[in-house]
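Below, each structure is written out as structure tokens.
First chain A sits with chain B, and in the next complex the same chain sits with chain C.
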Partner chain A sequence: MNDLLLALIQAALILGLAPLVTGIIRKVKALLQSRRGPPVLQPYYDLRKLFRKSSVISSDASWITSVTPFVCMIAMMVAALLVPVFITASFGSLGDLIVVVYLFATARFFMALAALDAGSTFGGMGSSREMMISAIIEPAILLSIFSAALIAGTTDLAGISQVLVLGGTDLLRPTLFLAFAAFFIATLAENARIPFDNPATHLELTMIHEAMLLEYSGKQLALMEMASMTKLMLCITIAWSAFFPFGMATELSPLPVAVGLIAFLVKLLLFALAIALIESSMAKMRLFRLPNLLTGSFILAFLAVMSFYIL
Partner chain B sequence: MNPKLMSEIVASMPDEIAKGIQKTGLREGGVWMTVDRDLLPKIAGHIHNSWGAALVSMHAVDNRFITSDFKLCVVLALKGQDDFVTLVASVDAKDPVFPSLTSEIFCANWYEREIHDMFGLRAKGHPDLRPLVLYDDWPEAAFPLRKDFPVDAKVPRVPRPYVFREVEGEGIFVVPVGPVHAGVIEPGHFRFSVAGEPIIDLEIRLGYAHKGIEKLSERLDYAKGVHLAERISGDNGFAHSLAYCQAIEALSSVSVPDRARYLRCVFAELERVHTHLGDVGGIALDTAFTIGAQHAFILRERMMDVNDLLTGSRFLRGVNCIGGVRKDIDEEGRSKLIERLVMVKLDYQEFYDDVTSTPSVMDRLETTGVLSCEAASDLNIVGPAGRASGVDRDVRRDHPYAGYRNLSFKVPVLRQGDVNARFQVKSEEIMESISIIEQAISNIPEGELRARVPVPAPGKTAMSLVESPRGELVHWIVAGDGSPFRHKIRDASFHNWRAMEVAVLGDIVPDFPLVNKSFGLSYAGNDL
Partner chain C sequence: MVILALCGGLSAVGLNNRHKECIYVAFGSAAAFSACGIVVAVEVLSAGPLALSLPLSSDNGQISFGYSIMVDQLSAFFLLVICTLALPVSIYSFGYVKEYEGKYGLGRFGLLYNLFLLSMVLVVTAGNVVAFLIAWELMSLCSYFLVTFENRDTEKASAGMLYLVMTHLGSALIMSALLLIAFQANSFEFSAMKDVGQFMGVDVRNLAFILLLLGFGTKAGIVPLHIWLPKAHPAAPSNISALMSGVMIKTAIYMLIRTYFDFLGINGPEDAWLGLLFLLIASVTALVGVLYALVEKDYKRILAFSSIENIGIVLIAFGSALLFKAYGLNDLAALALIATLLHVFFHSLFKGLLFLGAGAILHATGTRNLERLGGLSRRMKVTSVLFFIGVLSVVAVPPFNGFVSEWLIFQSLLLSFTLNDVLVNLLVATALGMLALTGALAATCFVRFYGMAFLARPRSREAAVAKEVPRSMLLGMAVLAVLCLLTGLLSTNIIQVVDSVTTPFAGTSIAGRLTNGIVLETPVSSFSSMSPVLISLALLIALPLAYLFATRYGGVRAVRIGDTWDCGTPLNERNEYTPTGFAQPLKRVFRGFYRERTRTAVERGADPYLRRLTYETSIPELIDDFLYRPIVKIAVGLARKVGVIQTGSIQAYLAYIFVTLVLLLIIFR
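Coming up: the complex of A and B.
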């Protein structure tokens, strides 16, 4: 019962803070470009605005288009229940890390279908590119998470973080660093960030993720946007809690929980800053060079697993 | 032009072609030859191919109410000389057909389509006479530039299917884009045939921004025409109004005061600097290198700010007038301008180093959107895009106007023809432009700002070429009664749009916006 309550609180935290992270990344990018930029809370305002609007649906679209925003959002909400945030507890009986990865895959599958659904050209291009990229990141994500699971001896996320926190610096092995690096690259790809995709572009021909959302408007768009912001937040949370959960509370008492919360917020900020810096300092890669970088991520994850057995 | 050259040109033609020349004469704008309609392609082709001449413009004039025929003019610029050959052929009003030049001069293609649209003169043997500038539902027998077509005519909407090129094959998809785009850009329809991501074919359909500028100009008096010219193509307004003013000044045989000539150079180069800064910033932006892009946009804003300071207009509107300029640059403006230029020069160097030392950006720019030197010269690509593909032409140097004869500058020419080459050419041109402004502003002669210009006598013809930021543009005017009888405008983009259909072949779809930006073309200037 306690676990469920904690999972619910942590999921609420993830959902509630997700737009803030996107807002912080946008703000930092704007400042780096010598712009003032929109307020940090702008994503919340945008969502509120979109939720008040009605949706326009293409007359060629089938039920897939109407169902997809809910599928995406629900997948992210369920995933949020499985990820520990500030305390090493989650609704683990519902599923483990592998379930999280496949919840992402479910959302992506429906998103790609919905993009094809209305028959628009950009949607089709977006789907095909997204599928090309996801075919390569999925193994990289799984493999990098496996290496953390190998160390902890469990695939339950809360279990992994518990083992790592209790084990302390003894368990700080090269495996974790390699796996974290692989997961970081995969996170950028999974969330359509530069150098994989440009979240700020208006050029339909270059889009990957955004091209799949072009047909959406109003409430449906709000759900899709919320789902992608939550996904970014989830990836960041998983990156810290699966590889470097240090600072996380292991018991339910005020001091550790406070430390856990602060550690989480600091890590969140660090990750957001890193994304903003990367997005500002490099260009988007050519589409057909993306597999090279993703393969790099896969190799890092592979090395992480190997190093676990060798070292 | 010396008469010897003219006779050499005529003498070099084989007899069966030369017999088509009915009359030759020297005028201020070079040689005029009245030629037989049926031999026009051969004669134009001979001068184009044997004398290395470039096609500057090709257009028609509706002379039916004066000499009861249409006149067809082909203007060629001789290579390496400040001279033009204008061929004039008469096309019978009852039989509005002429032999197509496209087989002799490749880049005559769009000109002939335009003539077909606007005058209803049919180019016999033309490979593709689909409408070029008129809307899809424009009725077939309404020709807007004919004199008996009233400027305020309401035409019925008659749907006319436009047949696009079709590429067939397994796995070939058509990706239609536009004319309405997601960004704040002008309308244009791009139809890609793709095999996966690689582009097999691109067809560009323009004309959505057609607003009848040439027709409108025919009823505006000359002074108002300057304002119209400024609005032909937003960021090249000064270049257009300069070409218009120079043409009217030539019609009235008035020479502009020296101070005004120098000031025109200063303003024309200011326009080039801010347009190029926008282009290079756009290139950086389209690779998602936003920090670099914003850097360039800040510099562009600073240059437009200095425009505002000097003239009261960020886009240099209202500066040109017939006979000279309206705005002077005083001592204070001069020192501010020089100070700003030094600052922009240093900052630009920083931007340039930023971009060229970021491998991920250079990887996007290099080998993308290659326009081969052969294609560039066949399509007669002008301006920086041409110079990045080995076309060594610059109106400022080859046909000097305003004060350019007395200013020294380099014309950068590269041969790679990719996005990077266009970026490099524009970068160098920004530096050259700053140097031109510095030279002009420190050697500026004292004197009047404008000369009095009498209204040109009807019937006279004049032409003016200007190197706009996008390349060579032409205004060709026949004087009428208080306003132009015929005003032909050709923007640099009219030549350069076709380069894009060639340059993107073999690239992948997501690279298209970058290639497009590197050409930086105007839709409004093309559609008129």
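Coming up: the complex of A and C.
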């Protein structure tokens, strides 16, 4: 029961803070590019605006288009229950990290279908490219989290973070660094960030994620945007809690929880900063150069698993 | 049961000219037959084994020949799998075979259908080598005749021929392996062959292992012995494709488990190579299967390649079971074996559903080309939803059944870290990566399939005028769709039953540790847990939350219908994305594998602005080209050489016989 309550609180935290992370990334990017940029809370304003608008759906579309925003959203909501944030507890009997990855895959599957649903060429392009990227990135994500699972001896995310926190620096093995690097690249790809995709573009020949959402508007778009932001937030949280969960609380008492919360916020900022830095200093790669980077991530993840056995 | 099937089949022949009655009798008896099968299977699974020996057995002193039937737990499980699929498929057939009325003999179809079902049941219930080989041959022949049922189509006839050749090569290997075992056991009875492997010489035993792998591998469709599968399965009528892909290829898995674990036995670390070999072959099979499925244009071939992929996944689990057993980790062997059986069962359900759905598309549009479909979800609403459930299961969306078995397979591979052999660990890790890659590619493959067939606008007239299929077909699919979801949710209960099947082979029962109420766990304490019921519950609670929030917050707003954004050019089927285009990025990523050939031709006319551009692309069948062509070439060459002595004159042949006789007399004097 306690676990369920903590999981609900942490899930609420993830959902609530998700737009903020996107706002921070945008703000930092603007500052790095010597612009003033929109306020940090702009994503919240955008969502509020979108929720007030009615949606238009294509006359060619089927029920998939109407169902997808909800599927994406609830998949993220359930995934949020499984990810520990500031304390090493989550709703573990619901599922482990494989479930989280497959929930992501479910959301992506529906999104790719919805992109094809309206019969627009952009949607098809986005869908096809997204599936190419995901085909390589999903195994990379699985393998990288598996290597953390191997070190911890459990595939439950809360369990992994618990073992790593208690084990302290003894468990800081090369495996973790390799896996983190793989996961970092995968996070960028999974969330359509530069150099894989440009979240700010609407240039038809380069967009991937945006092309899939092109036919969405109003409330439906708001849900899709919300789901994407939550996914980014989840990826960041998983990156920290599966590989470097240090600072997380292991028991439910005020001081550790406060430390855990602060550590979480600091890590969140660090990650956002890293993404913003990368996005300001790099250009988007050509589509057919991407597989090299993606396979790089896959190989890093594979090396992580190997180094667990060899070292 | 047997009588029922025979009656159904024979009376179907009798009623050949009265189409309606013929259909009712044939498929009615098939449905009744499968229902009986389910009852028997459940009976055996709950009560205990059943043995039956026909009195026509004759004893010649040493080895008894005869016909015996034995239904133990393993047979009962496969009986259940076969009959659970056969029942809805039979219901579906009522509507489906109507299109053959007047074109092909329905009586023949009814007879073959019933015999095919019967033979599959006999294969898994055979009690001795003779019974098994007869049933196996009957199954191969029936399915051959069913593959070539539409025999006025030369392509289908040649697909059947290839199937016949491959399947008999396999049978020859299986027969020799079984004879090897039988001679050691000094009996043809399966019950006497139990654990006979430990008395066999190492080389003989290994030879038997390899022969069985190749023989049953041919039937199961492992790469590179799979070449018949993507040709034969699509050529058969769709209800037969469903049975072939769903359960026929699984009889090979049944016999692999039976022969490996029951007869030959896995004794110790010296047998670990077998597990590794299986992991290797299985990973390659899964990956090659899904890669070809990804670029295929014929949607029934997509499903056939996907079956190859899933057999790969099943064998990955089987291989890890062998590996764990070899290292004496019985708990984990049990886990992997349970995962194997569950995936066999679940795959039969969702692949059956998908093939029936493909049959429905074929019925409605008359084309097998994915490039010509589109927009079917608005024209065939029920089919589109039912088919979608099959797709969700095959791409392992939680909490559907495909996810549960895949989760278990991931767990059993992950738990291999308890083995203390770096090389083995690394190889298993590779298999893990392959499995993850396969899963992601399968998702891409089915986004392409579903998106191109059911969504957007029709790409041809056939698709535009498609109509919903008859009710009996929908009912057959609906039963399977419900089962796909239910078996996922109730997997904790199913595992209890499957555990009782695997206990004798793995040497231990782990049901108590694997399930905890509605939660699935791994036998290694607190390694991981997952609950399909809780996941669906959480999703169901989250749904109204999200729905209410989205509709209430910011006021209730109407959803308007508008045109798709078209950049100013009217949209038609020519500017839609095509299946070929969809697969293009991945084709490019894996170009080393596909070796696609493209040809572009420009035809210039009198008008410099009006030209005709042709673009052709084809993917060569590498395995055909590099493996089978040379073999065929050598075989044909040798045959020519041997042909020299065939002069056609009777005197020469008499001389040959005489010389042979003399030689034999000299040798065996």
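Quick notes on this structure:
By definition in this document, the second predicted complex is superposed on the first by the 311 of 311 C-alpha atoms of A that agree within 3 Å, B and C clash if a C-alpha of one lies under 4 Å from a C-alpha of the other, contacts with A are read in each partner's own complex, and residues count from 1 in each chain.
One rule holds in what follows: contacts are C-beta pairs under 8 Å (C-beta built on N, C-alpha and C of every residue); 3 or more make two chains touch, one makes a residue touch a chain.
All values reported here derive from a predicted model rather than from experimental measurement.
Using the contact criterion defined above for the overlaid structures, shared-chain residue A:121 touches chain B and also reaches chain C. By the touch criterion defined above, A:34 reaches chain B but does not reach chain C. Touching more residues of chain A than its counterpart among chain B and chain C is C.
Looking at the shared chain after the overlay, A:287 reaches both chain B and chain C. Once the two complexes are laid over each other on the shared chain, residue contacts for A:175 go to neither chain B nor chain C. Using the contact criterion defined above for the overlaid structures, shared-chain residue A:187 touches neither chain B nor chain C, since it reaches no partner. Looking at the shared chain after the overlay, A:22 reaches neither chain B nor chain C.
Once the two complexes are laid over each other on the shared chain, residue contacts for A:205 go to chain B alone; chain C is not touched.
Once the two complexes are overlaid on chain A, the chain A residues touched by chain B in the first and by chain C in the second are 121, 124-125, 128, 287-288.
Here chain C touches chain A in the complex through residues 374-375, 377-378, 384-385, 395-398, 403, 407, 410-411, 414, 417, 422, 425-426, 429-430, 432-433, 436-437, 439-441, 443-444, 446-448, 450-452, 454-457, 519, 526-531, 534-535, 538-539, 542-543, 545-547, 550-551, 553-555, 557-566, 571, 575-577, 581-586, 588-589, going by the rule given at the top.
Residues 173, 175-177, 181-183, 196-197, 284, 286-291, 293-295, 298, 358, 360-361, 363-364, 508-513 of chain B are the ones that touch chain A when the two sit in their complex. Remark: chain A residues 48, 51-64, 66, 69-70, 73-75, 77-78, 81, 91-96, 98-99, 102-103, 105-106, 108-109, 112-113, 116-125, 127-129, 131-132, 134-139, 142-143, 146, 149-150, 153-156, 159, 214-215, 218-220, 222-223, 287-288, 291, 298, 301-302, 305-306, 308-310 touch chain C in the complex.
Of all the residues in chain A, the ones that touch chain B in their complex are 29, 32-35, 121, 124-125, 128, 194-195, 198, 200-206, 279-289.
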